[in-house]
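What follows are several structures.
Shared between the two complexes below is chain A, which has chain B as its partner in the first and chain C in the second.
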Partner chain A sequence: MYILGIETSCDETSVALLRADGEVRCNLISSQIARHQPFGGVVPEIASREHLVHLFPLLEEALRQSGASWNEVETIAVTAGPGLIGALLVGVSAAQGLSYALGIPLVAVNHLEGHLFSPFLSASGAAIPLPPRFLSIVISGGHSSIYDVVTADGRLEIEMLNRTRDDAIGETFDKVAKFVGLPYPGGPQVERLARAGKADRKRFPFPVPQFKESSVDFSFSGLKAGAIRWARQYRVGEDQAALADFCATFQDALFEQLFSRLDTIWQQIRRSAPPRPREIALAGGVAANGVLRERMQAWGRQHDVMVRLPEKRFCTDNAAMIAFAGLQRRREAGDPRLVKAYSRMLVGGPRILGETSAPLVRPS
Partner chain B sequence: MTTTWVSRSEEESELAAREIARLLPADAVVHLIGDLGVGKTFLARAIATELGADERDVSSPSFAIVHEYPTRSGETIFHIDGYRLSNNRREWLEIGIPEILGGPGLKLIEWPKEEFQTFESSHLEVEIRLLDDGTREIEMR
Partner chain C sequence: MLILAADTSLPILSVALTDGAMLIAAVALEGRNSRNEKLLPAVDWVLAEQGVDRHAIELFAITRGPGSFTGVRIGLATFQALALALGRTVCSIPTHEALAFHGEDLEFSFVYDDAGRGEFYGSTFAPDVSDPARLLTRAELQSAIAANRSTSVAAFMADRNVAVRTALRAAAIARADRLSIYRDATPIYVRLAEAEVKLAQKKDD
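Now for the complex of A and B:
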């Protein structure tokens, strides 16, 4: 028996079939990045239309590749938010129709919960069992947060420990990359150039922001503004060597803030009530960054913590992680008519919290 | 009518934003204008917070295009970002931009499209300029 995952919150249309033990039988992604490149970013209108074109052929293909039939699908998990409302509605409406027609329950999944469990998916075979408590760092183009996840005694409690006050870390990568003339998506481009360069904080000083009330929130807009200022002053776009050093320094500063906040949070969490977290997970599109993966592993060795890194194919948006999060929340699966799409949706608790429905789905 | 503030620090920008917030008429549409990294989201947060939104709710809407912030008085502040939008009207319709711009609540828009004006009855502009000496000029018109 299978759980079917459907993801259409942003660039990618994705469909996956997982077994009840979390084994990924099939994870298909129809990427729209090539279509978006000319615009230097995701273009929602194209995203919605493309989801509609790709979704049903992907579903058929997923069943074919898994050698499965519809009556072996037991539950459907769909991304309900957060994301672009028009794009989300394509996946949610399709999932509702399928759930209703097949007479199987539907579970609404928060896209960010998909990411935060994704490092526990295996390359092959059953998923890695979730530890009683772990920290999960979710960093992508739209989100930057560290979560405290407790699964002990059958619970599923997720607390958001921080968030970004302005730009997400992936957004900062993309915007600065675009400013210095690099193509979309900017993260891999900056990483590639950074490997050829040398971090030079004397030439490009990027301070880690400090808040008055010693908050552990992220803030990347100051770094973005500083990067743009240095890029303009040194005309780094015109000189490959200077651009490489600039990228190395900029990337280093982004990660320094990440680890600075993680250090503080780790100090606090160690003093909290048991169980003590012994694992830390890194997820989201920025988790594909090789330099960050190396630094994360080093951090884990230093703090005697098991580091869980997602397979690169599970870093970017994908339906396998949605189906996997659906498995964690399968007790909430039910009537498809109760599922809605939400452009903003906060993570946490047994129910969907802090939801704000977008204009298109506001009840009339 | 044009009003200009000169800011040498985040604190001074915040004071300017508070004054701007108090000058805004009900249901205003505000275009926030300025280069990348000049402080548009910062200003939007200070304005929204002054009008009763939770400061921690406010972040860059570049990814989601539209953020909604409930205020303590039960109104909604819309924070819109056209950074990633194309010039295709069908896309704006799909996101619900015309309904938001014509509806109740304060609308704070970063990277507004020129044609957004066709959905608004009127709008105010707040432009931020970063000068060479690091000070910012904030102009409301």
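Now for the complex of A and C:
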């Protein structure tokens, strides 16, 4: 039996089939990057249109590749938010139709929970069992947060420990990359150039933000403004060597803030009530960054913590992680008529923000 | 032949169930927002009320615009999903074509709708001929209305059920053995995304 995952929250259309033990049988992704490249970012209406073009061929292909039939699908998980509302609605509507027609329950998955659990998906075979408690660092183009996840005794409690006060870390990568003339998405380009350069914090003195009230929140907008200032002053776009050093320093400054917050959070969490977290998961698009993956492993060895890194194919948006999060939330699976899409949706806090209308539904 | 039809492209959301050309049940409700929260409940209400099992539906008919971009996508995604899971066919009908249908075939007529921003969607029909919808200025609209027997989508919607007409059109298409022509479930947007228009203008300058 399978759980079907559907993801259409941003610019990737994805469909996945997982076994009940979390084994990924099939994870198909149709990326729209090329379609949005001329605009320097994701255009919501184009994203929505592309999702509808690709979703149904992907659904049929996923079943074909897995050799599965519809009556072997027992649950559907769909990203209900956060994301681009028009894009989300394509996946949600399709999931509602499938679930209603098949008479199987539908789980509305929070996209961030998809990322949060993704490091526990295996390259092959069953998923890695979730530890009783772990920290999950979710860093992408839209999100930058560290979560405290407790799964002990059949619970599923997720507490958001920090967030970004302004830009997300991946967004900072992309915006600065765009400013120095690198193509979208800029994160991988900065990493590539940084490998050829040398971090020079004297030449490029990027600020590390500190809040008065000793908050562990992230803030990347100061770094972004600083980066754009130095890039302009040193004309780094015109000189390959300077650009490489600039990228290396900029990337280093972003990660320095990440680890400085993680250090503080780790010290606090070790003093909290048991169970003691023994694993740290790193997730989201920025978790594909090779330099960060190396530094995260080193941090784990230093602190005697197991570090879980997602397969690179599970870092960017994908439906396998949505189906996997759906498995964790299986108890909440229900009536497809009641599912809504949410452009904003929080993890760990009040579950849903910005509720606007009541559905027309008879209690069944 | 049991046909389930719906329209989510227009501000009034409608769902209809017919047996061929015979109407069994229909519902219409306000549908400007949250259409995905209304469509399945409406479908379920129509089926449950008549005691019709979803497996008994033989054909799914859905409009594909022009109209609300999001609405068109919700209708097409939901109905394609229903048909896919139940192993049935979808008959995707241009919204204006459903309205141009009378008796057994399309009639000579011009169907138009407000497209916002001072522009209009218009489609011209003749028996057996369905012209793709185009974007018209107010002046173009007025001359088209003067030259044709015309139907305003808003006026039609005010006293008739678009999904019923969609189901009847689908029944005629099925009878004429032309369902294969109506497999194309591509939305009729007519307009490009705003960003594409701006990018094209930039290139022109």
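Here is the rule we use: the second predicted complex is superposed on the first by the 348 of 364 C-alpha atoms of A that agree within 3 Å, B and C clash if a C-alpha of one lies under 4 Å from a C-alpha of the other, contacts with A are read in each partner's own complex, and residues count from 1 in each chain.
Simple rule for what comes next: a contact is a pair of C-beta atoms (placed from the backbone, for glycine too) under 8 Å apart; a residue touches a chain by one contact, two chains touch by 3 or more.
The shown structure was predicted, so the numbers you read here are calculated from the model rather than taken from an experiment.
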Touched partner set for A:L59, first chain B, second chain C, both or neither: second
Chain B versus chain C as contact partner of A:K224, first or second or both or neither: first
Which of chain B and chain C A:E171 touches, first, second, both or neither: first
Touching partner for A:P336 - first (chain B), second (chain C), both, neither: second
Chain B versus chain C as contact partner of A:G141, first or second or both or neither: first
First (chain B), second (chain C), both or neither touched by A:Y100: second
Touched partner set for A:F179, first chain B, second chain C, both or neither: first
Contacts of A:G86 with chain B and chain C, given as first, second, both or neither: both
Which superposed partner A:R163 touches (first chain B, second chain C, both, neither): first
Common ground on chain A, meaning residues reached by chain C in one complex and by chain B in the other: 39, 43, 45-46, 48, 85-86, 356, 359-360
Chain A - residues contacting chain C, complex: 38-39, 43, 45-46, 48-49, 51-53, 55-56, 59-60, 70, 85-86, 89-98, 100-102, 336-337, 339-341, 356-357, 359-362
Chain A-facing residues of chain B, complex: 35-39, 41-42, 45, 56, 58-60, 62-68, 70, 83-86, 88, 90-91, 94-96, 99-100, 103
In the complex with chain A, residue positions of chain C that touch it: 29, 33-34, 36-45, 48, 54, 69-70, 73-74, 76-82, 84-86, 185-187, 189, 193-196, 199
Footprint of chain B on chain A - complex, ascending: 10, 39, 41-46, 48, 82-86, 141-143, 163-168, 171, 175, 179, 217, 221, 224-229, 343-344, 356, 358-360
